[in-house]
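What follows is a pair of complexes built around chain A, which joins chain B in one and chain C in the other.
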Partner chain A sequence: MIAPSLLLAAFVMCYPFYEIVKLSMHEVSRFGMLRAFTGTANFASVLADATFQASLWRTLIWTFFVVGGTLVISIPAAVVLNLDFAGRGIARAIVMLPWSVSLSMASIVWLWSFNADYGMVNAILQSLGLISRGVPWMARPETAFPIEIAVGVIVSIPFTTTILLGGLSSIPGDIYEAARIDGAGAFQQFRALTLPLLRSFINIAVILNVIHVFNSFPIIWIMTQGGPNEGTHILITYLYDLAFRLGRPGPAAAISLIMLAIVFVFTFVYLRMQARERT
Partner chain B sequence: MRTLRFSAACWLALAPLLAISLFPFVVMLVTALKPLSEVFIYPPRWLPQHPSFESFADMWSATKFALALRNSLEIAFESTFCTLVVAVPAAYAMARIDFRLRETYRQFLLVTQMLSPILLVLGLFRLMASIPWGDGTLVNTRLGIIVPYAGFQMAFAVWMLSSYFAAIPKEIEEAAWMDGCSRGRAIRSVFLPLALPAIAVTGIVAFVAAWNEFAVALTLLRDPERQTVTLQVVNLVAGRYTVEWNQVMAATLIATVPVAIVFTWLQRYMVRGLTFGAIQ
Partner chain C sequence: MKRTAWLGGIAAALIAFAAPAKADTVRVTVSFYSAATGPYFEKMAAEFSKANPGHEIKIEVVNWNALLQKLQTDISGNANSDISIIGTRWLLDFVRDDLIEPLDGYMNPAFRERFIGTFLKPAEIKGKVYGLPIAASARGLYYNKAMLTAAGFPNGPKTWDELVAAAEKIKAAGGNGFGVQGKGTETDVYWYYSLWSHGGDVVSPDGKAAFNSPAGVKTLSLYKSIVDRGLSQPGVTDYDRTDLQNLFKQGRIGMVITAPFLINQIAKEVPTLEYGIAPVPAGTNSSTYAVTDSVVLFKNSKVKATAWKFLDYIFTGPPRIEFTKAEGFLPTTKAEAADPYFTGNERLQTFVNLLPNAHFAPTITGWEDTAKAVTNAAQSVYLGQATPEAALKKAEEEANKALNK
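Right after this comes the complex of A and B.
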């Protein structure tokens, strides 16, 4: 009964993987014809490529800040959403809304919102008197990349908050009562009770987010296509650029494999974490 | 605890997050309702002065939107169907049969779940380009995109289905065997009707994922006649010198709102599948 699923996986995963391995070890023309076998030459050229190095570094920054920022906002949000206040159902539904929008649609709306002349973000900042003229946010990597990180955080919050809410609802309420009787303040309760009990849920949220964010393509591709001056590329967008716009499938395949290796390390960590949870 | 002041404090604490969550929807709506002349006013205003549906009509005629909607619907339906055909038996096996290597299969699913199609997109493109089909290859065909979608949705679907299947009491099926039902017939007439809600939920999740997908579609569907709604909307923006933002927002609104409604209703069922059994 599991045979069809194995076949399907072999077809859409194993074979493409084999193709990528083959590409990475050959010199490849822009139209994908294999030429000479070159062994590790593609890897060597990729590792020496300054754009690759910059993209690798930026991928680390991207993953760290998107995942970190998401967590910093989601933990307090989940704690508040777990309290019993009037209209909680509506508040939860609103916080979950961005989840329902595809990454590409969200990216387009934010791109428009950050438009230099007619975007609503500049309009708000101007009416608050914070800026005097429209800021061309997307024209420079120094402003475009942090904005992309912020969009990454916004779209990751609903999923993370949901996981954390699941964790919070499993904590029995009477331990807080006991803590209150012992004279613990709200912040102390949070540090000594909530955080440790939530730890395994936080771990799972972090590792799943790391994997999603590391592979996240639409936000950067749609908002800046890795530009201006290749200043917002992360590995995945650089890979796509190399493969389908610059016509260099060989190096692109090498980057694919490097990224796959990284994802496997993350997956391994996740498996270990799950195994520990079970025992 | 539920005093008015307490509730107000909670809402106040959440206010920034709520504002940011709603902001894109507000921007979509107000921009889509503006005529073009009002979109490019400096400084920009929030509310349209003469709200109209002009941008929807313009967008509809300027793009192949009806065709794209049809493509998206067909691709999403067919890939959902394929996903379920593959995932339902596998999930049944996971939930009911104690086969050897079940743990290995579980880990295999997890690994395929972690593989994002974008990492393999180069290989996928070569795979589809190497298979002759009709006048050309599987690139630019519906089949060529449905199969990868089904493949990459499968792990999630198997996982979600098997966690629901496991909750259906075994005894019901066993009782049917006692009454002389064959195993196959017991599945068909006893198990499947009970499993239908779970299959429906999983199907909708797969449908939404296919509807929203971007990277694989961008790579495999190059012909404008074949493109999905997501691609069409992105093409209204990408690489254009002047973008008619009111039309773009009208299009994003159409692409987003139906999905948003379904999704909001479904998300509580989804967490189970997404976290892969790590959270009970």
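Right after this comes the complex of A and C.
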């Protein structure tokens, strides 16, 4: 009975995968024409490429800090939003609002905010007397990349907070009452009750965010296109640069398979680690 | 994909029922040069349909930065338009995959005669013409009259030494002297201006990287010292061409090298700005960069005859004059060049006069890779990450990996 839909699903998933594998093992023209079968040559050239190596390392930094930063902010935010206080509805709405703005638009707005000549950030710093002339934030990778990470954190908070809020609402209130009677303080309650009970939700948030952030293209592409001097490329932006600017779909396909493998291994290892800790 | 094809099929069937005569629909992809581009081509399409009842021209306007990617995906999916504007420097990739129709069979001598000779050349590969020059531009030095007069060069600097001297004066008065582009398309070209005018070249006649030369090191060092001494705008790697043009329009920078279309933008946005245009400063010689965009006919088009008819139409006198005037490009046909608007326009004539010494981007494989390698080299030098010597050596190695492969 389910065979047709299973077949369809298999086709939808397998066909692009098959195409990418095929591209990655050929010399391919800009317009997708297969030239010569090259086996693993694309993989070898990509792995030996210094920009690829730097981008891979930067992707790990990017993913770690965006996901880590998001959790560090989202967990307290979710706990606070779970409390019963006047104006909670409004506060929740405000936290969720960035979600309704498209990622590209949010990136453009932040790019403008950090503009050297007319940006809101420089204007504020100048009016506070902290700087005398506008700082060209996006001119150097050392300032541009942390800003991109911060934007990544900001746009990831709503989704993560939502997951965690869902988790918090599933924790019954009476266990806190029992803890209070036993003399546990607020922080102890958080560590001994909230965090462990929230664990599976945090795990979901980590995995979904890692997969999403690892593959997140718009923020970096819109704000710096991976530059200056390739100093802000992560794998996905480098892949795009290779495929569409330099017209080399072959190596780009190889990178996308490497990325797939990385995400797959991460998810597997992370889940195994979590499972072991629990037993 | 499947679904659009289906819908397209149904639509085609409906149209076939509705119109008894053979009606062709020609899809045309054009790049967004300015707000005037879309309306211009829509108007041409309407006029063409009126003169050729039953035929329809469908215009699709695409942002320049997304154009190549769009064509790439369209072609891979066999869903490309019949006609498209492309950067002439991309042409070789298209020709190598046999995607573009050579136009020699369509052009009679009278048609060829319409063009200014040099402009048909860039789109010629192995003796065949693959594209028609829809847009042409060259580069000149825009200077702010007030700032340069105060600096002692009321007619703009003639040489790079004068440019540096002027920038020093402007800096001493608290301004930004010479705008250096450090980001985006043509960051490499912005350095080639000085490379070429010091006798250097980007690619040698035998197709090897040639920019790592004494002239290359000298001119990149020149730009580095301009950046390091604060004679440019601060944070050059944050400024693409549009950003530089904006600085110039706001009167916040003394000198900028860019294309003729800035004239139209200034006339529209800041008509009070006093400025002049001079040739790119000379080193050992004077030189500039010229660019054409081509309009091409795809081989898989099923309506080539009608498509050619439309091309023929937009390359007649009045449509050409209207287009080039509105976009602020240079004339590519003789009819435009003879029009009083161009003959009487001193600013545009400055650019036209530069054309004999202009370098065109060569149609060779690996040009985009070279552009990227040189852009990275320039950025690393402006950021202080590498010396000009080291950066150019690295870029040379990278460029040679891709050139003529």
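The definition used in the following text is that the second predicted complex is superposed on the first by the 249 of 279 C-alpha atoms of A that agree within 3 Å, B and C clash if a C-alpha of one lies under 4 Å from a C-alpha of the other, contacts with A are read in each partner's own complex, and residues count from 1 in each chain.
Just so it is clear, contacts are C-beta pairs under 8 Å (C-beta built on N, C-alpha and C of every residue); 3 or more make two chains touch, one makes a residue touch a chain.
Computed from a predicted structure; not experimentally measured.
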Chain A as common anchor, with chain B and chain C clashing or fitting: clash
Touching partner for A:A9 - first (chain B), second (chain C), both, neither: first
Touching partner for A:M33 - first (chain B), second (chain C), both, neither: second
First (chain B), second (chain C), both or neither touched by A:A116: second
First (chain B), second (chain C), both or neither touched by A:L71: neither
Which of chain B and chain C A:G227 touches, first, second, both or neither: second
A:V210 touches, of chain B and chain C: first, second, both or neither? neither
Touched partner set for A:F244, first chain B, second chain C, both or neither: both
Chain A residues touched - chain C or chain B, whichever exceeds: B
First (chain B), second (chain C), both or neither touched by A:L198: neither
Doubly contacted chain A residues - partners chain C and chain B: 32, 117, 134, 225, 244
Chain A contact footprint on chain C (complex, rising order): 68-69, 72, 75-76, 93-94, 96-97, 99, 182-184, 234-238, 247, 252, 368-369, 372, 375-376, 379-380, 382-383, 385, 402
Sites on chain A touched by chain B in the complex: 1-2, 4-6, 8-9, 11-13, 15-20, 23, 32, 73, 76-77, 80-81, 83-88, 91, 93-106, 108-113, 115, 117-120, 122-123, 126, 134, 154, 157-159, 162-163, 166-167, 201, 204, 208, 211-212, 215, 217-218, 221-222, 225, 236, 239-240, 243-244, 249, 252-253, 256, 259-260, 263-264, 266-267, 270-271, 273-274, 277
Chain A partner contacts - residues on chain B that touch it in the complex: 1-2, 4, 6-7, 10-11, 13-14, 17-18, 20-25, 27-28, 31, 39-46, 85-87, 89-90, 92-94, 97, 105, 107-108, 110-112, 114-116, 118-127, 129, 147-148, 150-152, 154, 158, 211-215, 219, 230, 233-234, 237-238, 245, 248-249, 252, 255-256, 259-264, 267, 271, 274-279
Contact footprint of chain C on chain A as seen in their complex: 29-33, 116-117, 133-140, 225, 227-230, 244-247
